[in-house]
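Shown below is the structure under consideration.
Chain IDs A, B, C, D, E and F follow the sequence of writing; residue 1 opens each chain.
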Amino acid sequence: MSEGVATEILTTHILDLAADGKRLDGRGPDEYRPVSVEPGFVVTADGSALARLGDTAVLAGIKLEPGKPFPDTPNAGVLTTNAELIPLSSPVFEPGPPQPGAIEVSRVVDRAIRAAETIDLTRLVVTPGEKTWVCYVDMHVLDHGGNLIDAASLAALTALTHATVPAKRFEVGESDYPLDVQHFPVECTYVRLGDTIVVDPTFDEEGAAQGRLTVATDETGRVVAMQKGLVGAFSPDDVKEVVRRSFAHGDRLRAIARGSPA
Amino acid sequence: MSEGVATEILTTHILDLAADGKRLDGRGPDEYRPVSVEPGFVVTADGSALARLGDTAVLAGIKLEPGKPFPDTPNAGVLTTNAELIPLSSPVFEPGPPQPGAIEVSRVVDRAIRAAETIDLTRLVVTPGEKTWVCYVDMHVLDHGGNLIDAASLAALTALTHATVPAKRFEVGESDYPLDVQHFPVECTYVRLGDTIVVDPTFDEEGAAQGRLTVATDETGRVVAMQKGLVGAFSPDDVKEVVRRSFAHGDRLRAIARGSPA
Amino acid sequence: MSEGVATEILTTHILDLAADGKRLDGRGPDEYRPVSVEPGFVVTADGSALARLGDTAVLAGIKLEPGKPFPDTPNAGVLTTNAELIPLSSPVFEPGPPQPGAIEVSRVVDRAIRAAETIDLTRLVVTPGEKTWVCYVDMHVLDHGGNLIDAASLAALTALTHATVPAKRFEVGESDYPLDVQHFPVECTYVRLGDTIVVDPTFDEEGAAQGRLTVATDETGRVVAMQKGLVGAFSPDDVKEVVRRSFAHGDRLRAIARGSPA
Amino acid sequence: MGSVGAKEVPVLLSPEGLRIDGRRLDELRPIKIEAGPLHQADGSAFVEWGANKVMAAVYGPREVHPRHLQQNNKAVIQCKYNMAAFSVDERKRPGLDRRSQEISKVIAEAFESVVFAEEFPRTSIDVYIEVLQANAGTRCAGLVAASVALADAGIPMVDLLPAVAVGKVAGRIALDLKKEEDNFGEADLPMALVPQSGRLVLLQMEGHMTPEELSQSLDLGVRGCRDIYEKMKAALRARYSAPSSGGAA
Amino acid sequence: MGSVGAKEVPVLLSPEGLRIDGRRLDELRPIKIEAGPLHQADGSAFVEWGANKVMAAVYGPREVHPRHLQQNNKAVIQCKYNMAAFSVDERKRPGLDRRSQEISKVIAEAFESVVFAEEFPRTSIDVYIEVLQANAGTRCAGLVAASVALADAGIPMVDLLPAVAVGKVAGRIALDLKKEEDNFGEADLPMALVPQSGRLVLLQMEGHMTPEELSQSLDLGVRGCRDIYEKMKAALRARYSAPSSGGAA
Amino acid sequence: MGSVGAKEVPVLLSPEGLRIDGRRLDELRPIKIEAGPLHQADGSAFVEWGANKVMAAVYGPREVHPRHLQQNNKAVIQCKYNMAAFSVDERKRPGLDRRSQEISKVIAEAFESVVFAEEFPRTSIDVYIEVLQANAGTRCAGLVAASVALADAGIPMVDLLPAVAVGKVAGRIALDLKKEEDNFGEADLPMALVPQSGRLVLLQMEGHMTPEELSQSLDLGVRGCRDIYEKMKAALRARYSAPSSGGAA
């Protein structure tokens, strides 16, 4: 039996189950896999967190370094978000330059961080136009069991929340101090399986999906980012329903991330 | 019928016609396709022009930015010429790093611009060794119907002629002013089809050609650049004849480009 | 007869000979091919040498330029070692980014230069933290007859020994002066052919080898670098024996390199 | 969007509820669509939309490059969205950046959702979008141009794909932002609609909106798409009635 | 090693012959090895070794990418050693540098020396090593993790490959240097041992040593490798006795 | 050529009409050509021409890399012209720049014009040119070296390809410019001749010349090429009479 045929049978099975509101791993359509977040996983980083959604594991690390502001925004710090979909984490990733999938993950996480004004970039500036902190958010996918965006975003936001500005090490200030994090956006991803929409898809569910929709919400009741992905379509009413549900998941995931011991 | 066979038949037909001094589109051997030049096509550029030779269309845009002179020429501004043979313009171009063909177009155009001293580079300098205007000439091939060098050069020179130095925007001076263009070199390209030499080759004629020869002349009667390309050979007498003819074409194309409303 | 079969027969033959302490070219197991070193081969370089081991030829060129020290070592000059395994030198090299083999050669040569403190990097500094000489060591393999590391290292060290700091040309000082070279490490490479270990392997011997071991020694009796390469293994006693023998070869090759007329 | 640390915010909405270019909140910028301006491509379109100028070309179905992307049961749809160096105020370095790669991906996925790709197994349908002059909304303009180019190339599709962005300007939901509105606005929500099914195949959002504002934006965007749909069909009708013209880029 | 022009050298060895972390000269840092923590890989291992954290995964035998590397008579073993950007004090730019490429090469050659590659012609065995947190000795930690991951993947091998670095600190030969010792030490000599044959399949050295010191280092390293070998076997036994756990990275 | 904003121009022509190195206007620099100095290549040549040192090697006919360039009816001729980092005064960063790629292209086209490529369908003939020391005229020196290397490799050709540059120095047409003449001269016109047919297969020009000067330059260059042709043939004769030497790069 070729791999293509096996995948097709699995897809059909997932779609059949979904038609009855069921999932391969026994979850309900609106149920996340077990969620855990471990901040401080990497001590060489200025902030870090390992987030897990079921079999999916993403490690985020923060590094802050002095640098120059962009010429057109002399009063704003620099934030750079990068996702590495390393071939260690999945048989489908190959070594080489970042693939479109990795770029999408980093851009969608980046978008939520910026739009939610998670960090007040103006407070990263040391001397306007001259010197600012550059904040690197690096996300390393370790185990790709599906739904990378939610896991990566949870890891990144938790890492930012626990990050320290290394002012002393770089002789910018007298002592290090915590990075000031104003908001905590949470990404929540659904996929369409026939007429059913399910949250937190596994790798196999993503393969069977007819469209993916991610909504990022923050703790103030705002939608801050959205991304439709994969082949497939959503009606405006589908979108509205997904937005509605995202807030409850956002609140719960945010509480898990914040409750984690630093 | 395979593509290779079709191309071969077309090549034979073009060569047979050429032996009688005829061409597929009915032109005479020393006749250009309809020429048009539209300056100001792109308002985001500091200068621009869309040049057409028959089915061939090339858009050139100029951007000027403050930058540093090269260490070994502290009293000269910087000119950078780049041709993008984007896959939109032809089935034969692939995405990726610039191909040898694109590099050749940009280098041959660049060579004519420099050798004709089109722009007095010393006048671009703001502070010797410190600050100068960097002039980017970007040529975007939109429709590749053959003879890219002539079309690209016509677009680039017209764009330069209509360019403005954005001194005010970059706070280098009080107001913007026209770029000072001293000369207007014109490239004129011939290909050899058997014993006949024809001007302004189409894409199919280039495919059938046994050598290509480009001669750039300026309005002061000087030859400023030449490039032999493609597989094939020219006798010294062929070259002298092509040089002789290039001046007349140069004068006509220059007049068309200059006559165009800004 | 396929290329694979021919290689296999050659390998078997080399291993059979080695079992009797013999080699294809008639050398003894611990005998180098004819060695020659020609300093000053390239006058555009600030120092250069062409080294030959039998059919193998490597050209090294030194260039010194003013630059900035690294931020974390403000009192040290910068040394950059690069090997180009250009496709001109062997049917097995392809154009493109440096292959792992080229990187290994440059890193192993670099390691010996640094560990032997060949050059006192602190003496390259012009103004601490601000300005230093950057010393580029470029090794160009011209003919790949095997044992690139030893040939490249011999070329590089000889080139350094004859190098001049171009202080006058860069207006850093009043006159040029010789680069101060404190030590002259020599790399010595063996391969294992069955139970026999032979020095200075040819290209074909490298293909038949079951492990490669390089030991760099300097004139003060120190081991300064080692590198085991290729598939295969060495016992600790093998290693100790190779180290012991490397000193004698080192002394001889150093004398040849130093005896060469500048 | 969110130009932190940038210059002063201009007045984006007049007391009369008109925008900086005099448009109402639900009003599109002028759009001109030309089908088939290019000679080499199998299909092409040129779109002028406000101060955007976008060219699209389609090649295919043809051989797949690189080969390993070939699919046995359908055509692959490859999309390259690219901005000319001179298309923006600050010169853009040639070459694909991450933004272009993301846009290329979501546009390709949008077209895969409507093209009958199974009809052309083992082939590639290549969609090229060149932004020649940019003024906010280029991904939607590119998608509209590419959709007309696909139709011009005779590629069978469920439907054309009109697209538009909705945004939030001075606290109000507004259709089809221009550059100043996008730079200083509070949200940007581009979308592409399958008119036949009423479903969205492209949807992105950045900024901040309440769920109610988002709901209102979706409805406004769908209406905008339907208007653009009419212009796309008109451009194709004009092309078929004057098939051999070509020329005006 | 040889940080020319850097800051002051700390006291690396106490008068009592103890090192900065209280270890004796022939003492290893604490090592924790977990086999099989990853779910997608065919085999995996996580190693905490002093303040190093290294993850390894193995995929294969599987199809060779890129195709032209395929060998008709055996599997090719491809190795990628990579450091996470945040694994070191000074952020490392993502992407392979020359150091990583050299380490990948010598590790791949070490494994080729022990894997029965002829059993899987025309395939690739892909070994990925990710350094998540680095504190000297990462190539040895990576090699140990990869070796356990290969065993976890069921790849037939002559033996496991324990590895350790020996160095020279304040003039004395010492086992398993940590970062400060490596930065200010006089030599670094990483090695990997085939316990069954007593031979070395990885061996590098940088610094300066007399032949006698080098001899002593080899013997000390071989003893260290044999200790690590026991820990590797224990980790695999723990994995087989609790086969379906997974999870704790 | 055209070093705008550079240092002062030296005196390039003496009152007696002699050049800075004492040559007459129509005089070549000294040329030494050695056929077959390399051992691995199928054909090779080393050329010292004034202060230029250029090595060329030819491999093939052999398998085509990358595969998709293969042609069913003839050999492809691939050329890489490369300058060593230390071959020029200002260190050149390793890697192909645009100048090298253009030169590679025109040299490949020149050889395609004379090699009987149809005799070796589905193969590649790879020509590598390494400039080790540069002093103006390297493309011509490289072409001459590569042409001898092709003959040394036994590749069937219409004829050898002598090449030389003509230039304009202090207002006078001069043969074979050296560096100072090239830097401060008014025009540079490299060409390659097929002696048998008297036709040019490489021709470039930069600078300014009247049509009459250009005419004169062509005639002078053709004469120069014919002189170089004799030296090329002599080098090949020397090689054939002492076939097994090799060695002196």
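Throughout what follows, a contact is a pair of C-beta atoms (placed from the backbone, for glycine too) under 8 Å apart; a residue touches a chain by one contact, two chains touch by 3 or more.
Keep in mind that what you see is a predicted model, and the values were worked out from it rather than measured.
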item: For subunit E, the least number of touch steps when starting out from subunit B; value: 3
item: Contact-richer chain pair [C-F vs B-F]; value: B-F
item: Farthest chain relative to subunit A (centres taken as mean CA coordinates); value: F
item: Cα-centroid distance, subunit D relative to subunit E, in whole angstrom; value: 51
item: Rounded Å distance, subunit C centre to subunit E centre (Cα mean); value: 26
item: Chain centre separation in whole Å, for subunit D relative to subunit B (CA means); value: 31
item: Numbers and ranges of subunit C residues touching at least 2 other chains; value: none
item: Multi-chain contact residues (two or more partners), subunit E; value: none
item: Topology of the chain contact graph, where touching chains are joined (line, ring, star, complete, other); value: ring
item: Sequence of chains encountered when the ring is traversed from subunit C in the direction of subunit F; value: C, F, B, D, A, E
item: Subunit F to subunit B touching residues, read off their complex; value: 1-6, 72, 90, 98-99, 101-102, 104-106, 109, 112-113, 187, 189, 194, 197-211, 214-215, 218-219, 222
item: In the complex, subunit C residues that touch subunit F; value: 41-46, 48, 50, 52, 55, 57, 59, 61-63, 65, 82, 84, 86-91, 94-95, 136, 138, 140, 142-145, 203
item: Interface residues, subunit F side, partner subunit C - complex; value: 38-41, 51, 53, 55-57, 59, 62, 65, 80, 82, 84-89, 91, 94, 126, 128-130, 132-135, 246-247, 249
item: Residues of subunit B touching subunit F in the complex; value: 4, 69, 72-76, 98, 100, 103-104, 106-107, 111, 114-117, 121-122, 125, 211, 213, 218, 221-236, 238-240, 243-244, 247
